[in-house]
Amino acid sequence: AVAVAGLGIGANSAWSANRKPVLVAAAANLRPVMPALLAAMGEAGVGPVRISFGASGNLARQIAQGAPFEVFMSADRARVSFVAEHRRIEAQAVYARGRLAWVSAAGLGADRETADLAALVAATGDGRVAIGNPEHAPYGIAARAALQSANVWSAIEPRLVFAENVAQAAQFALTGNAAAAITSLSLARTPELRARLASVTIAEALHPPIEQEIALLAGASDAARAVYAFIVSPAAARIFAEAGYAVPSPAKPAKPTKPSKS
Amino acid sequence: MPVDATLTSLWLAGLTALILVPFGVWAGRALATAQFAGKGFVETLVLLPLILPPTVLGYYLLVAFAPANPVGQAINTVFGGSLAFSFEGILIASLIANVPFAVQPIQRSFEAIPDTVREAAWVSGLNGWQTLWRIELPLAWPGIVTAAALVMAHTLGEFGVILMVGGNIPGETQTLSIAIYDRLQAFKTAEAGLISAVLLVASLAALAIVQTTAATGRTPRPRP
Amino acid sequence: MPVDATLTSLWLAGLTALILVPFGVWAGRALATAQFAGKGFVETLVLLPLILPPTVLGYYLLVAFAPANPVGQAINTVFGGSLAFSFEGILIASLIANVPFAVQPIQRSFEAIPDTVREAAWVSGLNGWQTLWRIELPLAWPGIVTAAALVMAHTLGEFGVILMVGGNIPGETQTLSIAIYDRLQAFKTAEAGLISAVLLVASLAALAIVQTTAATGRTPRPRP
Amino acid sequence: MALIGPSGSGKTTVLRALAGLIRPSHGRISVAGELWFDAGQRIFMRPQDRRVGLVFQDFALFPHLTARETVAIAIDPANTQSRTARLDEADGWLKRVNLEGFGDRKPHALSGGQRQRVAVARALARRPKLLLLDEPFSAVDQMTRERLKRELAQLRATLDIPILLVTHDLDEARALADRLTILHRGQVLQVGDTEQVCAEPASIMAARLLGHTNIFDCRVAAVASSDQPGRIAWGAQTLEVRRTGDFRDGDVAKWIAPDDAIVMHRRDRPSHGERENPVSGVVSELTPLGSDTLVAVAISDEMPRLNFRIATHAARRNSLEIGAEITVSLLAEGIHLIPSVDPVPEPSDAP
Amino acid sequence: MALIGPSGSGKTTVLRALAGLIRPSHGRISVAGELWFDAGQRIFMRPQDRRVGLVFQDFALFPHLTARETVAIAIDPANTQSRTARLDEADGWLKRVNLEGFGDRKPHALSGGQRQRVAVARALARRPKLLLLDEPFSAVDQMTRERLKRELAQLRATLDIPILLVTHDLDEARALADRLTILHRGQVLQVGDTEQVCAEPASIMAARLLGHTNIFDCRVAAVASSDQPGRIAWGAQTLEVRRTGDFRDGDVAKWIAPDDAIVMHRRDRPSHGERENPVSGVVSELTPLGSDTLVAVAISDEMPRLNFRIATHAARRNSLEIGAEITVSLLAEGIHLIPSVDPVPEPSDAP
């Protein structure tokens, strides 16, 4: 019975007294999926956990500087490598692949399974289009790749605005200041966005995979190991898939993981 | 070095100070000399932009700028286009965020001018404007310089609000502080450090100039 | 309502003001009355935390706190553990970020005290401490209150530095402003709006109290 | 016109009202035919438009301006158009207040008296229609004060503007003002020709404020007529007086006599006016005050003492000493009667 | 001890040095056996430890404190331990400066003279070892001034501390001080017994500062001895003098005579001292100054005029008017000789 609010703040004090919560650093794009994950963890007797969301870059840097997180759920693999340069990692694995979605308040013209980026871009007229920052945000890098693959990069570039992360990109579209945004599919599927924005998935083939990697830091507690094991488990994979992530066929461990209790 | 971002930052800091300091003189003087009912309330209101986290402030500005709502429509009409993601937009955001820094120090320095000096100016035939220009402004000078320095420094360092309403467009809304943040996020630590150093040295130089101007403008304290 | 974050924020704002205001009195008075060589430099240095973007400042603090470097080791020895990601850490970060707000207004208000009043106190037999306590502090009161109000308001709204140094750990380093930011990131607009409103009302109330105290403490300006 | 009154009596407040710095709750002010203020008609002319010169009691100099600039600010650009001409004119005013060479100093580098003179120069430079001086010579030395008074007297002669001088120095008031107003607790006690007010104060308070120390009870024994002196009973004595004002026979009153109406009889030879009201007593106190000496004479044990001044050399020649018996004449011309009770309470400036 | 000198001569600066507010570049200060300052030995006692009472020229009250609190602050807690006792004592001091009932007012609600008296009360309440008064009565009315002077005289009698009084009022200096120092441009011109300094200034500048207006050229014709008066040649006249100081026969000098050494000959009857140095001339100016009248007499066209005061009633009785011929005697006793050239330049306070 781990009733945790969407933000994971409510590691509720009644039982956190006897069981020290696992500190998990999670990339901001995981916000929408986290409630479901936490619920499942609770049912599986894993946890309790306390989640700190943040930009993966910030989180990685903080962990590298010794932040007391035991589990790091990054938005890409580069951040985990960065952490690995500074601290020993006990285990790491890709737990999900991010998918991009095109969202727009103005509607999409036609209801399509996958996006025809050229048409979508054309439909925005001279409106602004928001993407994550292609310099560092994993979804921003992917969005740029997708736009380039669709040969619309040069057409749209002058009209692009760069958000710190996908959530902010979505916000730009949500407030109506941007005509459209490329955000994560997981965000696009949240009730808040679905209620006000039309969305369409962007084909994964258009961009390099957004491999979201999880790391278990050296010296982690048993509880943390259990959290790690749960995230890379098929049960979690189902939840990720439902939330709009692509799931790595069999979760492929980069290093052998210790046997988990689940 | 991100030349564009540097120029944007300097331009933004300069314009913000240029607009806010006269406003601060007007508002600070009014708060210092006038007695009216809701004065305490207004004084607190002035501090409001400080209380809200910059990103939150930025978010609400973004909502205000949206073409969908009446405020946004009005803005669109006035400025002939949306303010979001434009230099005008971050300028307005920066103006709002810096109001406390402009008003407070100037208000205090006007409060420190004795009434009898003001009255002596009137009796000498100076009208309101001349009194302001020739007597009050020179005496309030230290406070005005403090305000200018605080506003400029804070604008150079402003991040959250501008990130929120600016959309990080190079040459338009990407400021130096956002450029540094981007470098840090991209793990280009050395580059971030370099830009930070340049920002610091440039700002310190600018502030030193401002403070020196203050010192020459500042009247020595009276000897008994 | 995020009770933990509210408590953390209030505690942080209160402690920061409590520590910084006395420091501001010391430093502001020294800058106002003492004449020394590098004074202009020190005055500019005081503004430095304002110039650096909060996240950048936070980054450098984070690096400084790291156990790997000598500064971090020294800190570890003194505080018996790393400062990063602890309440002590964000407190120190917040102290550094707020130095300009504490020192500048207090310095100006000490500068406004005429030398002869200070001398009259000495001649009346008050030693340095008594002069400070019974004459200078009451006269500098408006500036001190301004400083306290600015520091508290700014700490409540501080975001970047704390996000960087604190690591957003609920119950320890997650402040109200970060909680609001989190809500916004999660598109919980209504909740974010509610928390913002509560933050605003509470801060305005606190500031109103502070400003009223200032008004009663503030001596009316002399009538000629 | 001079304004005197005890400290806190409202002199500065009157000047501030005239300058337009405060709005009285009632009354009207009109100067040189212009209506400046009328509470009833809600007319209020701004200080800028009133063209007054005001020397503030605390000077109120501009801390950031040099003496020259301070004075130049008050010079009307309509009269002196170029800035350099105004600065030159300012130098002229500074010279007239004996501050030549101090034009470049800011107030903090001037002494008290120098600051006050800058304030005087600023007020004069305005070429005012009404000059208001709040103790304008209090901080300057005798020599400079004489010079400033001469300047002021000249100005009065040339400019023909009303001047209101607040001063605590009666001699100054008598030398510079033709009319005198006595203020006490915000009320006008007496107003009139300076010499007349000094010689004939209307109340005990006014007499005290004018420096009278000889104030005694009496009863009118005979009213004076144009050809016949009156008589008053003072203790056991009867004194002859020239005027008895509105008093009637038998009225209780106070009589006062200025210093110079008391003439000491010389030991060696008769003095002028010895017929008039001779009074004998014993010297009870001698206070040398420089060129003059203050003499207190006890007439009898129960009666208050008579005070007068004589030149110190005269005192010496007449070998006045404590305990000596002397006779003085109280000149009938100088004796003045005032009501024995003041309409206002006793002297004190309690709030 | 009184300190006089023209505006800007450094009086305030001297007081500040004595109070320890500035460090002179050289010299030493010792009071009541304690060494307070010695530039050579690098001794400097802090103002707090010097126990001086200083009335600042601009009062320097504490803007945030009431009059009572202001005075209480200066009361030594070592003498009066409880705070309420100190406040009560402060009320006592306020009463002594005639400010009863004003204890709860802050400076901004007090008039100029009231503020000054609070400053005086604060200085006295310190029970100082040295009392420094910078024009402490300049802003108060005559009546209050007399009262304050009486207080001060009493205090001097009871406390036996040195008092240094800066004043522009010579009479005040003569009434309150036994010694007098004349300061000019930061230099001591003369110091000595008050009456002696007044009667025998050492230089032209000192004479002017002491208010002497009769300063004339002469040549010593015969030096005085103990039994024989001296003689000086003044234009065509020869005057008898009692003292000739260090001058020798034939020396060029200036002679001065105070007002009271000039005695007018009455029309009607001979006046005392008429034998001495009779000089005749024509009244060229008459300036009534209240109880006295200033008379200027032109002896001859090329010689400067003699100035003296007589009582206004005496002027009236002798029907003095401009153009009238009169004769005056210059009392030999009052004539004083001074060098005809001052070591310091001409009077002026240019920087």
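Every chain is named by a letter (A, B, C, D and E) in the order it is written, and numbering of its residues begins at 1.
Operating definition for what follows: contacts are C-beta pairs under 8 Å (C-beta built on N, C-alpha and C of every residue); 3 or more make two chains touch, one makes a residue touch a chain.
Remember, predicted model here, so these are calculated numbers, not experimental data.
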item	value
Minimum number of chain-to-chain contact steps, chain A to chain B	1
Interface sides of chain D and chain E: same vs different residues, half threshold	same
Superposing rotation of chain B relative to chain C, computed on C-alpha atoms, to nearest 5°	180
Chain centre separation (chain C, chain E; CA means) in Å	57
Cα-centroid distance, chain C relative to chain D, in whole angstrom	58
Centroid distance [mean C-alpha coordinates] between chain E and chain D, Å	21
Separation of mean Cα positions, chain D and chain A [Å, integer]	91
Chain D, residues touching no fewer than two other chains	12, 21, 56-58, 60
Residues within chain A bordering two or more other chains	58, 61, 168, 171
Set of chain C residues in contact with two or more other chains	59, 114, 116, 119, 184, 221-224
Residue ranges of chain A in contact with chain B within the complex	55, 57-58, 61, 78, 82, 128, 130, 133, 135-137, 160-164, 168, 171-172, 175-178
Interface residues, chain B side, partner chain C - complex	40-41, 43-45, 47-48, 50-57, 59-60, 100, 104-105, 108-109, 111-112, 114-116, 119, 142-143, 146, 149-150, 153-154, 156-160, 177-178, 180-181, 184, 192, 196, 199-200, 203-204, 207-208, 211-212, 215, 221-224
Residues of chain C that touch chain E when the two form their complex	114, 116-117, 119-127, 134-135, 138-139, 219-223
In the complex, chain D residues that touch chain E	4-9, 11-12, 57-58, 98, 100-102, 105, 110-114, 117, 134-135, 138-145, 168-171, 174-175, 195, 198, 208-209, 211, 258-261, 266, 268-269, 272-273, 287-292, 311-313, 317, 331, 333-334, 347-351
Of chain E, residues touching chain C in the complex	19-21, 46-48, 51-54, 56, 58, 60-65, 73-74, 76, 106-109, 122, 126
